[in-house]
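These notes open a run of structures that come right after.
You will see two complexes here that share subunit A, one where it goes with subunit B and one where it goes with subunit C.
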Partner chain A sequence: MVDKNRIYALTTRYIYQLSHDRWHLADMFYWPFFDLTAMGYMATWVSRDAGSSWLSSIIGCMVLWQLVVQTNFVVSKNALLELISANVLNLFTTPIQIREWLTACFILSAIAGCTVLLFCSLIAKALFGYNLLSLGWLLVPVVINLYLSGIALGTFVTALLFYYGIRAQTATYILGWIFGLIGGSYYPADVLPLPFWLIARSIPLSYAFDVVRYHHLGTTFIWHNLLAAAILNTLYLLLATSLVRRLFSRTLRYGLARLTY
Partner chain B sequence: MNPLKVTNLTKTFPAQRTFWGTVKNPPFTAVDNVSFEVQEGEILGLLGPNGAGKTTTIQMLLSTLKPTSGEIAYFGKNFFTNRSEILTQIGFASAYVGLPKRLTVRENLEVYGRLYGLNREQRNTRIKKYLEEFGVDHLANRETGALSAGETTRVMLAKAFLSYPKIVLLDEPTAALDPDIAQDIRQFILDRREKDGVSFLFTSHNMGEVTEVCDRVLVLQHGKIIADDTPEALAAKVSMAHLELLVNDLEKATTRISKRGLPYKVHGHLLEIEVNEHAIAQILQELTHAGITYTQISIRKPQLEDYFVMIAKQAK
Partner chain C sequence: MAASYRVHAIVKRYLYHLTNDRWDVAEALYWPFLDIAVYGYLSAWVSRGGTPASTPVIATVILWQSLVQANFAISKNAIVELYTAGVVPLFSTPLTIREWAFACMILSTGIAFGATLFCNTVAILMFSYSLTAIGWKLIPIVLNLFGAGMAVGIAATSLLFYFGHRVRTLAYILGWIFSLVSGAYYPVDVLPGWMQLIARCLPLSYLFEIIRSDEISTQQVVIKLSIATVLTICYLTLAIKLLEYLFSRTLRNGLVRLSY
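Now for the complex of A and B:
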C-alpha cells in the first residue's frame, strides 16, 4: 500500500526545490521556448509553399514534444537531486517506499508537463497562429500517451541513476534527445533509414506523433496508432518501474551510500 | 520487548567485476555473524577502527543495505517484513549524509515531518521545539546549503528526533561540533533517555564522549564483536598507564627506563613512561635510588582511548 501523506511530502519537497532554484525554471520555460521558436520559424520557411496544414503538423508535434521532454526530465532530475545532495540515504531511512517516490515524481511530472504544454501552446498561438485545441478530442489520448512515454523514459533513467549513481547523470540529459531523434517528433519515422525506422516503430512516441500529423494532414489510420502507442506505453512503463525496483534492490546489496560518490 | 535485537547478522559484499568480467575486488565480509541487543533506555556504543564494520552494521539496521544473512528485529518485529512501520519509530542522524541544500531548514524539517506522518500541529510544535533545543531556531529560514557543518549536524539531529522515535541511531553525531555544543548534545541524549526512555545506538571516535554517554560498548574488529562491556571495564583491560615526570637528569632517567625495556617519550624536560599501573611505585623507587629526582609527577590511568588504540594496533 502506498501512503498518500508520504507522496504529498515528497511532492512538496520538489516544489520547495523549484521555488528556490530559478535555474530549474529555465528547464521548464527557456528550452521549450527556444526549441519551439527555432523549429517553428524553420518550419514556417520550409512549408511556405506546402500549405498551412504542414506547418500545423510540425508545430503541433513540436509543442507536444515539449511535454515528453519535461515529464521525462522531472522524474529523472528528482532522482539526480537526491543523489547530488546526498539526501538519498536520509530519505530511505524514513518509511517511504520506492513506489511512493515514483508516484510523487509522476504527479510532479503531470503538473510540470501541463504547465509546459500550456506555455508552449500559448507561444505557438502567438508566434505561428497554431491552436493546439484544433486537435479536438484527439488531444486527450495523445497527451496521455506522450505523458506516459515521458514518465516511462524518466523512470528508466531513474533506474540507471539508482544503480550507477551520480556517474549516470549524463543519461538524464541525453536520453530524451536521443528519443527526439528517433521518436518521430521532429519528422515522421518513415523518413528514417530501415534500422532506425524499426527502432522508431518500437517506440510509442512515433505512433502518437503520427496521430497528430495524420489529423492535420487529413489522412486516416488514427485508431490503430493510438492503440499501438497505448499498448507500448503501458508495456514500457511496467518494464521501467519493474527495472527501478529491481536495480534499487540490487543497489541495496552494495548499500545506498555508494550512489553518492 | 527489546527495541532492537540483532541475530547472526552477516554482510558479505559480492565480488566486484570489471566490464569484461574479471574480478576487480574479491568478495569481502564486512560484518561477520554479529549478534547483540539494545535494551529499552540503553545507550549502546559501537566502536572499532576504520573498516571494522560499524557503518555497514548501521546501514543494515536502517535498511539501506541488505544483509547477506541474519535477522534484525525492532520491538519484536522482523525489520524486513515490517520496514515502513518500524522506520516511523527510528531516528537517524549522521555527520556524513546531507539534506537538500536549496531547501530552508524549516522546509527540510517540514518534509521529513510529513514523511514520518506528523500532522500540521505536530510538525509546527516539534520543529520549533527541536530547533530551539539544538540552538538553531534563528536559522529556520536559511537555506540548508548555507549552514556550517556544525549547524547542519544540529539540523540533522532535530530531524532525527522529529518523530519522537523510540530508538535513535547516531553515526558520529558530534563530529563537526564545537566542544560546548557537543556537550549540550550529549546532555540532550542523556535527558531523552531519562525522560522518554529512548534507546540509542551510538558511534563516535571521541572516546571521552563514549565513556560519558554510553552504558555499554560493543567493539568491532574485522566485522566481529570482540568485546561487549561497559566503557570502564574495557578501559580496565588495558594495564598500561602513562606516568609523566619532570626530572632533573633526563639522560640518566631515559637510560634507566630503556634498560627496563619500557616505552617512553620525551616532551621537552618531561618524560612520559608507559608502564603497568601496578609497577609505578617500583619505577619511582628505582629512579630515586639512582639519584634521579623529579619535581612534577602525573599519572594518567588507562582510558577507553587506550583500549581503542590497543585494538586498532592489533587490527593492523
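Now for the complex of A and C:
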C-alpha cells in the first residue's frame, strides 16, 4: 500500500535539494534556454524562404521537447544523486517502497517540467514571437503525452542506475538525447533512414510531435497520432515501472550495499 | 623556462586518463555525433521547404565541435585534478602552471583534431558531405578554431583554479555561450543588434562567415582570416595571462583551498 505521507516527505526532500543547488537550477534553465535560442535562430534563418509556419513548427516542437528532457532528467537525476551521496541504503532501509519513491519523483518531475515549459514558452514568445497557446486545446493531450514519455524514460534509466549503480551514470545524461535524434522532436521521422524511421514509429514521441507539426504546417490532423502516442506511452510506462521494480528487487536480494562506491 | 620532459609527462598522464575511461571517450564521440545528426536532418527537412541550407550547416556544426573539443579537453583536465584532489600534489612539484597549460594545449590539439576527423567521417557517412569541400581555407579556419577553443578552455580553467569546485558547471557551459553569438549554427545577421556587436568582437563569426558565403573573393577571405587570427591570438594571450594571474593568487592563498 502506498503511503502518501512518505511520498510527501520524499517530494519535499527533493524540492529542498533542487532549490538549494544553484548550479542545478542553472543547469535546469541554462540548457533549455541555450537549446531553444540556438535552434530558434537557426530556424529563423533556414525558414526565411520556407515561411513562418515552418518556424512555428520547429520552435513549438523545441519548446515541448524541453518538457521531455526535464521530466526524464528529474527522475533519473534523483536516483543518481542518491547513488553519488551513498544514500540508497539509508533510504530503502526505512519503510519507503520503490513505488513511493517513483511516485514522488513523478510529482517532482511534473512540477519541474511545467516550470521549464513555462520558462521556455516565455523565451519563445520574447525572442521569436511564438505563442505555445496557439496550439489550442491540442496542447493538453500533447503535454500529457510528452510528460508520460519523459517519466517513462526517466524510470527506465533509474532501473539501470538501481541495478548497475554508478557505472550507469552516463545513461542519465545521454539516453534521453538519443530520443531527440529519433523521436521526431527536431524534424519529422520521415527524413530519417529506414532503420531509424522504424524505431521512431515505435516510440510515442514521434506521434506527439507530429501532431504539433501537422497543426502548424496546416496538414490534415490525424486523430490516430494522439491515440497511438497515448497507447504507446501507457505501454512503455508500465514496462519501465515493472522493470525498475524487478531490477530493484534483484538489487535488494543481492544487497543494497553493492550500489555504494 | 618550460621543461619539455615535464610537459611530456603531463601529456602522458592525461592521455592515460583519457584512454582508460571508456565513458569519457564515448561521451567525446557521442555529443558531436548527436549534434551533426540533429542539425543535419533538421536542415535536410527544412530544405524541402525551399531553403538549400544543409551544406553550410553541417560544415559549421562540425567545425564548432572542433572548438568545443579543444576547449573541453583543457577544462576537463582541471576538473579531473580538482575531483581527485590532485592540484596540491601536482603543483607542489617543480611543475609550473605554464607547463601544465602547454601540455593541455598539446593534448587539446590532438583531441580536437581526432574529433574533427570523426565528425567529418560521420558527415560523409550520413550526409555525403566532407569538409574538404571548403578547400585550402579549411586549414587556417581549423587552426583558428583550435586556438579559440583553447582560449575558452584556459579561461574556464583559470576560474576553476581560483574558485574551485563551485564553478565546475562553468567548464561545461562557457564554450556553449559563445555558440549563440559565434554564427556557428546560423549567420550572425539574424541576431539582435547588440548580439551582433558581441559577435563582431569574436574571431568565430568571421570564420563561420567564410564557410557560409558562397560568393566570397580571395581578398575578402584573407581579410576575414587575418582579423580572426589577430583576435584569436589576443584572446589566447589574455586567457593565459588570466590563468597565470589567478593561479598565482591561489598559490598565495594556499592551494589547499581548492580541495573539498
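Everything below uses one rule, namely that the second predicted complex is superposed on the first by the 260 of 261 C-alpha atoms of A that agree within 3 Å, B and C clash if a C-alpha of one lies under 4 Å from a C-alpha of the other, contacts with A are read in each partner's own complex, and residues count from 1 in each chain.
Just so we're on the same page, a residue touches a chain if its C-beta (ideal position, glycine included) is under 8 Å from a C-beta of that chain, and two chains touch if they have at least 3 such contacts.
Since we're looking at a predicted model, the values are computed, not measured.
Novice: Of the partners subunit B and subunit C, which touch A:A26 in the superposed model: first, second, both, neither?
Specialist: Second partner only.
Novice: Touching A:L243, do we find subunit B (first), subunit C (second), both, or neither?
Specialist: Once the two structures are laid over each other on A, A:L243 reaches no partner at all.
Novice: Considering only touches as defined above, state whether A:L81 meets subunit B (first), subunit C (second), both or neither.
Specialist: The answer is first: A:L81 touches subunit B but not subunit C.
Novice: A:I98 in the overlay: touching subunit B, subunit C, both, or neither? Say first, second, both or neither.
Specialist: neither
Novice: With both complexes overlaid on chain A, does A:M42 touch subunit B (first), subunit C (second), both or neither?
Specialist: Touch status of A:M42: second partner only.
Novice: State whether A:L192 touches subunit B only (first), subunit C only (second), both chains, or neither.
Specialist: A:L192 contacts subunit C only, not subunit B.
Novice: Does subunit B (first) or subunit C (second) touch A:A230, or do both, or does neither?
Specialist: So A:A230 meets neither subunit B nor subunit C here.
Novice: If we overlay the two complexes on their shared chain A, which of subunit B and subunit C does A:I107 touch? Say first, second, both or neither.
Specialist: neither
Novice: Name, in rising order, each residue of subunit A that touches subunit C in their complex.
Specialist: Listed in rising order, the residues of subunit A that touch subunit C are 23, 26-27, 30, 34, 37-39, 41-51, 54, 58, 170, 173-174, 177-178, 180-181, 186-188, 191-192.
Novice: Show which residues of subunit C lie in contact with subunit A when the two form their complex.
Specialist: It is residues 23, 26-27, 30, 34, 37-39, 41-47, 49-51, 53, 57, 166, 168-169, 173, 176-177, 179-180, 185-187, 190-191 of subunit C that touch subunit A.
Novice: Note which residues of subunit A are touching subunit B in the complex, please.
Specialist: Checking each residue of subunit A against subunit B gives 3, 5-6, 8-10, 12-13, 16-17, 20-21, 81-82, 85-87, 89-97, 249, 252-257.
Novice: Which subunit B residues qualify as touching subunit A in the complex?
Specialist: 13-14, 55-56, 59, 62-66, 83-85, 87-88, 90, 92, 94, 97-104, 107, 110-112, 114-117, 143, 156, 159
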